[in-house]
Each structure stands twice: as structure tokens, then as C-alpha cells.
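A single structure is presented below for examination.
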Amino acid sequence: MKYIIAVIQPSRLEAVKEALSEIEVFRLTITDAQGLGRQRGHTEIYRGHEYKVNLVQKVKLEIAVSDEYVEPTIEAISNAARSGEEGRIGDGKIFILPMDEVVRIRTRERGEDAI
Amino acid sequence: MNEIAALQQSADALFLMLGAVMIFAMHAGFAFLEVGTVREKNQVNAMGKIITDWGVSTVVYFLVGFPLAYGINFWLDAGSLVNLINGQPVEGARGFDLLHCFFLTTFAACIPAIISGGIAERAKFWPQVAAGAIFAGLVYPLFESLIWGRFSCFQTWITKVAGAPFHDYAGSVVVHSVGGWLALPAVIILGQRIGRWLNGKSQDIPISNIPFLSLGSWILAIGWFGFNVMSAQDFEGITGLVAVNSLFAMVGGILFAVVFSKNDPGFVHNGALAGLIAICAGSDLVHPFGAFFIGGIGALIFIFGFKLETEKLRIDDVLGVWPLHGITGSWGGIAAGIFGQKALGGLGGVSLGAQLIGTVSAAVWALLAATVVYSVLKATVGIRLESHEEERGADLSIHKIGAYPERHIR
Amino acid sequence: MNEIAALQQSADALFLMLGAVMIFAMHAGFAFLEVGTVREKNQVNAMGKIITDWGVSTVVYFLVGFPLAYGINFWLDAGSLVNLINGQPVEGARGFDLLHCFFLTTFAACIPAIISGGIAERAKFWPQVAAGAIFAGLVYPLFESLIWGRFSCFQTWITKVAGAPFHDYAGSVVVHSVGGWLALPAVIILGQRIGRWLNGKSQDIPISNIPFLSLGSWILAIGWFGFNVMSAQDFEGITGLVAVNSLFAMVGGILFAVVFSKNDPGFVHNGALAGLIAICAGSDLVHPFGAFFIGGIGALIFIFGFKLETEKLRIDDVLGVWPLHGITGSWGGIAAGIFGQKALGGLGGVSLGAQLIGTVSAAVWALLAATVVYSVLKATVGIRLESHEEERGADLSIHKIGAYPERHIR
Amino acid sequence: MNEIAALQQSADALFLMLGAVMIFAMHAGFAFLEVGTVREKNQVNAMGKIITDWGVSTVVYFLVGFPLAYGINFWLDAGSLVNLINGQPVEGARGFDLLHCFFLTTFAACIPAIISGGIAERAKFWPQVAAGAIFAGLVYPLFESLIWGRFSCFQTWITKVAGAPFHDYAGSVVVHSVGGWLALPAVIILGQRIGRWLNGKSQDIPISNIPFLSLGSWILAIGWFGFNVMSAQDFEGITGLVAVNSLFAMVGGILFAVVFSKNDPGFVHNGALAGLIAICAGSDLVHPFGAFFIGGIGALIFIFGFKLETEKLRIDDVLGVWPLHGITGSWGGIAAGIFGQKALGGLGGVSLGAQLIGTVSAAVWALLAATVVYSVLKATVGIRLESHEEERGADLSIHKIGAYPERHIR
Amino acid sequence: MKYIIAVIQPSRLEAVKEALSEIEVFRLTITDAQGLGRQRGHTEIYRGHEYKVNLVQKVKLEIAVSDEYVEPTIEAISNAARSGEEGRIGDGKIFILPMDEVVRIRTRERGEDAI
Amino acid sequence: MKYIIAVIQPSRLEAVKEALSEIEVFRLTITDAQGLGRQRGHTEIYRGHEYKVNLVQKVKLEIAVSDEYVEPTIEAISNAARSGEEGRIGDGKIFILPMDEVVRIRTRERGEDAI
């Protein structure tokens, strides 16, 4: 089983959710995040003073999947998360981490069935 | 000058000044009503528009609008200005004409403030300022001059055909409906906000802040008593009937909205305003219980008009200013002709025909003017933000700063 | 009508109208005081309650309350209404009676607004509206009629036994203590909010927004000068003593609270209000320096009364309206009998005995009325939200929308 | 007392009372202007300072300041107090002197409120309260007594050397510049906030909440019409020229700021205030179009003054109160001497020399007083929070609670 | 050593914190999250327009533990995080990920002692 | 490849960002978090009632790195994240988790080059 962490553009969240449900990945956890990377931030000005804002708003998805779902999930996300045809800097990353175990709190189920 | 005359002059001055300040305060209400309704990325812009429009309206109305509508201008030294009443020199006038113009400026400034709520979140800044200047300086004063001002021809004609002049005590039609009907072409020509409709499906955009929205509504409602009561524009003319009719229309608007919108805070807080908009015209004529229904119906018009406009007609009128100020304002003009009749406990002396003529002509005039102005602006300088600017938000794109810098700057 | 009389009529009208509008504005203050104190999931409801109660109170007080208390009703055509003074036709009355009723409506509407803060975050909407209607339409006007209104019997009796009538210039007792003592049974019968006490341990619930709370407090304090000064209800009767006593009582409340609450913002901003509540009754009688202590003691009563109520008596009074309006209001009634004495620099002509009788009877009357009303409502329609509704919050449960839609809708 | 005199007395009372309440309301504006500008960890403190300073100023000004400046005190029984006009017993005076003192108290209380914005986010609470008391009770009234009060010597001398007395109608100099120039040493002696400059690089600290800031600005602007118009301090003296000059100066401030700050919301909303500060002195003298430029230049002074102060001089004046109230206030004093001349459409009778003398002496007096007071306080009790207190924020350190408890308590 | 990630109902946070301290797990990191899963969201209505809110507020706990603590921790969480006797849909999940190393910044300690 | 999770004091974020860029780690994801640990919370008082606030504000950094970057990253963070010379309780932790794969959404690159 794998624990997939994806960092995407907030504007793509809707699309990614849909793409995932199409491949029957209905469960995930979302957190707001800020990213530092190749994508440049912006400058704000208030009372004549410049503020460099180099952190960019991102959305972080966490999805636990059984192994056979890993590739489809990566596919779904990387297609849906791109802005425009060939994507734009800042579209984000997908990180795949190994996962030993899952527990569904409600039922105490473990492993694959708990995902 | 004898003591009584002195008291009268001072009283008129205080009366107009209090009215002007109360309506000036309403503009803070316009600002917060919009701040609460737009997304957080457009809140700074909402406030920037209202305060700038206020400034521009003041200048153009003093220099152009008021002289146009009432034939009085201020190109005299201060010493002469203070002693002017209706353009005539009067000892101890306490700057009556200046105050009179200040008072009426606050009306003119409502026009861009009303439109601002409809075109929110996507309009360019300066073109909209320009449009506001044209409306507050020319379009509004022209109509004003025909109804309240120095050109009696139109009213004389209405009286001839309909038996009575067009009656609009505090501007349901002259101010609100003109503002609301000006906003309609503006919103249509500007087009929907990005994401408002996704492949044919309506995706209403969540508003940001209901407490701010309701703060705006409260400020507006409070100042409104200056708007209506001080419309007597003369201390002797003050009457509690106007105050209490405003109260009952507002209350009618609130209660109808609570019931018919199932307690929707947006409709309830705007319902109070709908009631106040509807009563302006007849507030000096109708019975308080009549006012209650005028206001209540006004709220219903807003509730159903807003749904119709935004869902059926797909007009992305962010604050719903066309149904709120436009249609409800027109309803106010007509309602004065109905509930103002003696038969319904009113003071009478008003003609439904005259009210219809005045009301319709205001709407037509506003539609024409706005269509011309916005078409020209669109064809020339353009009126809409670039899509990437709109997506970043008007705050960052126009003002270079967001509404809550501490939260997102680090 | 001669010029002087005309000026007087207009002046009375303006005076009452300004007072009414200032007190109307206070209701925005009630709203924000509550918005800032409840959790974010109940902010929309806080505003919905205040504005709806305002609407309902207006209707019932005009139709039932005022006629009951003063024997004047408004079932006449508008033409006659404008020329009414104390029910008698008077040429050029400028709608005095209408304004008088408007002014007093704003007092009546304070009753549900006060209660609203105590029962916040868990009460059903409509049953509370009904209760408010009964209080503003019957319970309050009945007591009002005995103290200020047409039934002199009670005051005559008090005068006989105590040497002077019960004196309550601006309603410490008639308005605030009645509201506060009505709230006590309401809060008790309604019960604590879920989670307020966990297995015997007090778990006070953090408030949401101190800036909003303080905005509410400021709005209330500002409008309060209309509440007290315009209670003269007649232009000739205006006196700076009332204004300055209100100022000093407020300042006393602020400073005592700053010191004794160690700068706790909740106590400081409510301390100002406690001072203003305490001074209403004697604001026309006492010396400004006396007012300072009346207000200061009022703040202490709130600070210690609130702790006693919520921690010892375990009464979950969210805004602390019983100690604030109830006990402090009663203190105001009694204080007028003490600091009003010539010996303490007051104007005299007031009797401590009379003040005690009036004050106690108000509390008793309110306790009885509320106990009956809320017991009946609880037994019939029910007054409390389902626990799951309360947990989701009154906003989603009653109004179907949260206070900051953009933040949580996506 | 005859009817006319009665009307006059009541009118004077209402006039002063309305003015006092409008300026009292401005203090809510001071509070929100600061709340919106400081970081969220210092918002409670911002409100706590303003409301406490108000309370303290009221007490010291009634007890010390007013008696000092006008030779009238209130150690009489209430009965005598109500019948006092300029210290003389007058039947039916309606508490004129009390109201007069209330009105002037609202001016005195502006001094600590102005300073508060400059020293925000790092000052100890009680030492600052003490400083405020000294300023409102002694420093300000002393200068006031020379310009408006009972010590005519200074004005006589100015008239002798400059041909006319120093003219300051509504306090550009006496109130605002004194407050602003008092703030300068305060801010310098207090030192920069932690983190404002990192190894020689300017790190401006993002403000928290622009809607609150703009709410503050709106409240101030609205109340300002009471500040200026009611400065007539006598109903007969009301003039629309003051109202309209205030309007045009404000509008000039807004529009110049919009253009020259490229639509920066901080400069625009403070620009309106800069305009109003600049016009106070000459609002009864200049022509409205002159007022427009007085205000516009005022806004420019603030914009460039603020950048100079905070970036070049490295003075960490959080709200920019020295350029806003100090420099712009001084400009207002001088401007009255220029635009007040008949040649520029003004009423004349004013001398630029006199204006310069008065303006400079105010600044010097304020600089001296503040330097002494803050140096002594710093040397004795200390005026600055410990660095760890400052880092936790004044809210938690001083008031033991943050501004949004629900958000961070769990 | 394992890195345990638990997604729970916000209302259960208090209980879970207590349960963990009972088994002497005193250290954890908490973030607000929104979940998508079996639990259905709700609808809001404003000015007559319906908004589907399908993300549910959740709280995410992250706990680094040494191996012998894994089971007790899972136990503690799944007991305390359940709403009601047999739990309710939406009670959440526990994910167990392998962890190679821990460093305590203050002391530079590593491994077990750093946990 | 490793997935590094660091929990630090908010006040140290700037310093840590700089330290990381010095060793040419330019990419990371940041989330606000609240921590429970040895560091004690504080008490607030409102209207006479005490509130114990035992959660402390923290900032969470997530950094995916190739193996040779692990040690330098740990070094950089633990130096920069310390408050004062020998650090203060609450300075936080660094957790190193194994990572199987990375995908750059924009380019579909995988593995080391995607980091």
C-alpha cells in the first residue's frame, strides 16, 4: 500500500477531485499549504513599502491507495492538475511513500479493506 | 436680522447638514455591503471604488450637476457664497445653497455607489470612475432637473396628461431606480465573472463575510432616515409621517424577507433596504400601514427578481442592484400612486398615471444612457480586467495589496 | 400657525426623530455585541434575531403596546395622523404622535434584543420571536403604562407610601432591568449550551471576535446619548445635565472595569454599557461626579455578578445580560434614590423608598412574565434547538448558511 | 423665560450635544483605524487604549483642563450646574457649560488617541495612560487657554506683531498638530518595533485588516462634520461654509491620494483624514475650491511625509500620526493664512504671519512637553514592553486574551 | 520507528489527546484538514442558490513513535476517536508509515531518544 | 529518496528558508500546524474565566530530497531552526521518511530529476 502526497494548484482541485472519482478513488484528505519552488511569488505594495511574497498558495492532497491503484492515481492527478496543455511552472508534485498499515477507526478494519 | 429669522436660518442649516452627513454615512454602508458580498480578493477594491466615486461625484456635481439642475453655481468668493439662498443673496443665509448642494450631492453620489455593487469583482478601475462621473455629473442631474429642478416642462406636461405631477419625495425613482437601471446595461455589457457559469451550470460564487454585509445594511438603514426625512430640505417641512413610513417600509421589507426567503441573511438584510428604497417616493403621502406593504412587496420583488435575474437571465449582478434599486425603485414610484390615494388612507393628490410616466421614463433614460456610455467605454479604453487580473483579484491587480496583508504576507 | 409655534413643532419633531434614529442605531450595536461574543457558527443567527425582533417589536408596539400604554392608536388616515399630539388633533403637529411612538418603539425593541444575548447559540428561532412579540407588545407596555403611561394609580400609590413617585428618567428599570430580569428565566429554562460544563467542570466557551464585540459596544454607547438625552421627549426639556451624567457614568464604568477586571476587554467594553444602564434612571437628577460612581459601581456589579451567575449559579447567560441589564438596571433605579438627593449634590425630589418599590416591582413582574411565557412555549412548541442542530450551529441549522461562506464552501 | 430665548437655549444645547456625540463617535474610528493597522496580536490592546484614554481624558479635562483653560469648574450642586453659561448663573441655561465642557473634552481626548496610533504594538499600558492624562489635563489645555481660552496675552501679542490673531477654527493646530507633534518624541523615545529593521534593511510589518482600517477612516470622516461644524459652539454661528469646506478638503485628500499613491488603500483612506485635518483651521474662511487644494496638499504631505519618516528617518510611527496629524495639522494652520485671504476667494481678516507664529509655537510646545514627559516616564517606570511580551503581542501580555479567542483556544 | 498519521473528527480531538497521554504519548503535531470520503457533506443556501459542500472538516494528527508504541497508539486513537458506541461514518483513518530517522532540533539527538 | 518532515517554530521560518537555499534546497511545502510536546502552552483569561491553551503554533515543512541531500538538509534545518545558542524547548523535530517515487506534474518527469 502506498501513501500518495500531491501538491497542486488550488484552482485545479475541482478537476483533480473529478478525475480521481472517475478512477474510483473517492477518499482523500486535503490541507491548505504554501509552496516554495520554481514558481515565483509576487510583490505587494502598501503605503509605499514593497512586500515580497515568495510563498505560493497550494493545496495538498493525501491519498492512501493499494498498490494497483498507484499508477492510475498518479495518471489521474498529473493529467487533471496541469494548467493548460503542457502545464505551467508551479503545477506541483506527487510524492509516493510506502505505507505499512491502515486502520479504519469506525470498523477497526485493517489493510486493503480499510483503504 | 431678527431673532426668529436667525433661528430659522440656523435650523435650516442644521437640518440640511445633518441630512447630508447621515447620507454621507450611508456610503460607508454601500462599501461594507459590497465588502461583505465580494470575495476576499476583491474587498479592498470594493472600498476603493466607493470612496473614490464619492470624491469624484462631489466634484462633478458641484461644478456641473447642481448648476445644471438648479441653475446655481459657486464661482463666487466665500463671502458671497455664505449668503446665498436659491441663488439670491440673503443676509445671514448660513451658506444655505452650499448645504443644499452638499445634501443633493449625497444623492448623486449614490448612483455610482449603486452601480459599483453590480459590476463588482471584474471591472477596471478608471473607466468605471469615468462612467460614474458622467452619471453623477450629467445623466442623473439632467433627469433630476426635470423632476425636482429648474426645467418644469416635463412635470407640466405630465400634469396635463395625468392630472398631477410625478411625485417622488425622496428618490425611489430619481435616485434608486435611475441607479439600478443604469447598472443593468453595465452588468450585461461587462459580462459574467469568470467561473460564474461552468459549461451551462450555474456556479454561484460564495460571498465572503456576512457580518460585514449586515454592518453595511445597518449603516444604510440608519442613514436612510436622513435620506427620507431631510428630503423636506427645509426645517418647517419636517414631518414624522416620513420617518414612520420609512420605519414601516423597512420593517415590512425585513419581515416579508424573513418569511419568504426562509430566513436567508442575504435577503433579510437586503430586504430592509428594499423596503426603504420602495418607500422613498411616497413616504410623505402614504399611511404607515400602507408603507408596511410597500416595503414588504419591495422585498419580494428583490427576492424573486434577484433569482430571475441571476439564474434565468444569467445576468451576473453581484449585489443584485438592478432588482434592488432598479425594479424596487420603480415599484416605489408606482406604489406612491396607489397607496398615496385617499382611498387607501393616503394624503392623495397623486396620480397613478403620472407615477407610471415618471417611473418608466426614468428607467428608459437610464437604460439608454448606460448603454451608450458603457458601449463607448468598452469600445475604447475597455471596462473589464484581464482574466488573469480578475483571477488574482482586483485587490492585487489594482491596489497591489490584499485585504488582510498579515495573513498572506510572510 | 405663528412662526414660533412652527419652530417649536419642527424642533420637537427633529428632536424625537434624532433620538429614535440614534436608538435604532443601537440595535446594530446589540447585533455586533452578540456577533462578537458567540462562536462563528452562530454569528448569522445573532444578526438574524436582532433584525427580526426589531421588525416584530415595531409592529406589535405600534398596534398594541403604545395604544395600551398611552391610549393612542393609529387607525386614522395619514392626513389626521400627521396632526396628532397626545391623541388630540393639532394643526401643524408634524406627526408628533407618530414620532413619539417611533421613539418609544425603540425602547420596547430593546427588550428582545437584551434577551437575545442571554439565550444565544441554542434557542429556536420562531418561538423566541414569539416571546419577543409578547414582551414588546404586552409585558413591557403594561409596566410602562404604570410608570410613564396613562395608568397613574401605581405612581399615586407609591407617592402616598413613599413621598414621591418612582423616578426613572430614561429606563434603567422600565427598559433595562425589565429586559434583564425577563432574560433570567429564559436562560434558566433554556438550559446551558452543550459543552459549557463537562462532568462538573466549567468549560467556558471562547468567544469569536473581540473587534466585533467592541464595535457593538461603541455603537451602543454612541446611540445611548440619544436614549438618555432625547428621553426629555420635548425640545424644551433638553438638558446638558443628562448628557454629561451619561458621559460620566459611562466613563466610571470604563475605568472601574479597567482597574477591577485587570484590563479584560470583555469587562471593559461591557463596563461602559453597565455605566450607561445604571445612569438612565437618574441622569436628570444626579451630579456628574455622582454619575461617575453610579456607573463605576454598575461595572463592578456586572463583573462580579457575571462571575457569580455563570460560575457559581451555573446559569449559561452568554452575554451576561441578567447582571448587565437586570441587576445593574435595578441598581440604577435605586441609585437615583440615593445620588439624586440634594445632600449628594442632586436635584432632589426623589425618594429612596419609591425607587425601591418601583425597582423591585419591575423585577418581580419580569420574572413572573418570563417564567410563564417560556414555560408555556417550552411545553408546547419547544424553545431549544436539537442537540445536533446546536452542534452544527444555529447558522447552518436555521439560516442554512455560515457567516463566512467563501472560507468553508469549496 | 420667553419662548424665543427658550428655543435658543434648547437649540444651543442640542447643537453642542450633537457635536459632542459625533466627536465621541470619532473615537471608535480612532480605535478601528488602529485595530486594522496593527497585527492581530495587538488588536485588543488598540481598543483597550482608546477606550481607557477616553475615560481618563474625560475625568482630567473636566477636573483640571477645562477649569484651567476657561476658568470654569463644576464643584457646584447639579441644580446650579444646569443654569450656568460661561460660569454665570442663567435661568434655563440647559446645562450649557456642562455641554460646552463635554464638547471640548472630545477635542482633548483626541490627543492620546492620536499618540496611541504612533506608539502601537510595543508600549506599556499604564505609563501611556499616565502620559495621556498629563497631555489631556495640562499640556493641551495650557496651549488651548492661550489660543481659545481665557489667557488673551499670547493672541494680543500675535495681533500686535502680525496684524491679526492666530486663527484656528476647529483645531488643525490646537488639536491635531499638538497631538501629532507630541507623538513624535513618544515614538522616537519608545524606539522601533522588534523586527521593523533587520540588519539595516527595512522590513515593514504587514498590517492586519484593511476593512477595519477603512471602517475607522469612515467613522472618523463622518464624525468630523461634527468636529468642524459644531466648532461654532453656538447655534447662531452655524454655517454651511464650514461643512462644505470640510467636504471639499476631504474629497481633495481622497482624490490626490488615489492619484499620487496609485490607489493605495492605506493612503487613500488616510488621505481623506489628512484633508479633514488640514481644513479644520480655515474651514470658516476659505473658499470650497481652496479647501479642495488644502486637503489635496494635506494628503500629499502625508504620503511623502510618511515615507520620509519611516524609511529615511527610520521612525517607526505605526499609523503615521506625526505626518498625518502633526505636519498636516501644521500645514492646515499655515494654509488658513494663505487660502483665507480675500485674494484667494476667502473671507480674509487672517494673517499668514500670525498663522506661522501660532503653528510653530504649537509644534515647539508639543515637542518640548512630550520629550520631558516620555523621558521621565522612561527613566522611572519605563514605557516599553519586555521584548518577549512584545513578541507574544500586547493582547496576551497586557489583556491576557487574543482578539479571536475561538480561533486559537482549543 | 513509525510515523503515524490519523485523520479524525474535530469533535474527538480532546478525547484522543487524553487517551494518548494515558499511554504516555505526549507529543504530536496537529493540522486542520478537510476530508472526502464516505461521509456525505451538506448543502448551504444563500440568496436562493444551493451550495454543495462535500468536504468535511477533519483534524489530522501526526505522531512519530518507536515500534513498541505503534499498537498502543493505534488502540488509543481508534477507541477515543469513535463517535458513539459503534462509531459513525466519517470517524476517520489511521495510516502507519515507516520512518528512518528522527532528529530533535534542540539537542540534535537522533533515533528513539529523539521521539 | 527521502521525504523530510520538519516541525519548527514559526519565528524561525525565515532563517530556515535561507539556510536551505544556501545548500540549494529551493523547494518545499509549508503548512501551519499546532504542536503538543514538552513545550508548555499558556493561559488566557476572558471575563474572569481561565482558558488553558496547550497547543503551540508551529510550522511544518515538507521537503523531498535525493539521498545525498538528506544530511545537509538535516544540518541546515537543525542549525537554523534553533532559537538562541543551545536552543529552546519547542524548537521542534525533523522526521525522515523513505520515499519511493516523485512525479513532477508539469513535465511528468520522475525520480531524482523530478525532485
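Which chain is which? They are A, B, C, D, E and F, in the order written, and residues in each are numbered from 1.
As a working rule, a contact is a pair of C-beta atoms (placed from the backbone, for glycine too) under 8 Å apart; a residue touches a chain by one contact, two chains touch by 3 or more.
Keep in mind that what you see is a predicted model, and the values were worked out from it rather than measured.
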Worksheet item: Going only through chains that touch each other, what is the minimum step count from chain A to chain F?
Response: 1
Discussion item. Treat touching chains as neighbours: how many steps, at the fewest, connect chain B to chain E?
Written reply: 1
Item to complete: Between A-D and D-F, flag the pair that has more C-beta pairs in contact.
Response: A-D
Worksheet item: Are the two sides of the chain B and chain C contact the same residues or different ones, given that same means over half of the numbers occur on both copies?
Response: different
Worksheet item: How many angstrom lie between the CA centroids of chain C and chain D, rounded to a whole number?
Response: 33
Worksheet item: Between chain A and chain E, what is the gap in Å from one C-alpha centre to the other?
Response: 19
Worksheet item: What is the distance, in whole Å, between the centres of chain A and chain B, each centre taken as the mean of its C-alpha atoms?
Response: 47
Discussion item. Need the CA-centroid distance for the pair chain C / chain F, whole Å please.
Written reply: 53
Item to complete: Going through chain B residue by residue, note those that touch at least 2 other chains and give them in order.
Response: 4, 7, 11, 18, 206-207, 209, 215, 262, 264-266, 400-402, 405, 409-410
Response to the item:
Multi-chain touching residues of chain A, meaning two or more other chains, are 31, 45-46, 51, 55, 97-98
Practice prompt. All pairs of touching chains, please: list them by chain label.
Written response: A-B, A-D, A-E, A-F, B-C, B-D, B-E, C-D, C-E, C-F, D-F, E-F
Discussion item. Per the contact definition, I'd like the list of chain B residues that touch chain A in the complex.
Written reply: 391, 396, 400-402, 405, 408-410
Discussion item. Looking at the complex, which residues from chain C come into contact with chain F?
Written reply: 202, 204, 206-207, 261-262, 264-267, 303, 306-307, 310-311, 320
Practice prompt. Under the touch definition given earlier, write down the residues of chain F that touch chain D in their complex.
Written response: 11, 42-46, 51, 53, 55, 57
Practice prompt. Note which residues of chain E are touching chain F in the complex, please.
Written response: 3, 17, 26-31, 62, 64, 97-108, 114
Worksheet, complete the sentence: chain C residues touching chain D in their complex are 4, 7-8, 11, 15, 18, 22, 39-40, 206-211, 214-215, 218-219, 221-222, 225-226, 229, 235-236, 238-244, 247-248, 251, 254-255, 258, 262-266, 268-269, 272, 285-289, 292, 342, 345-347
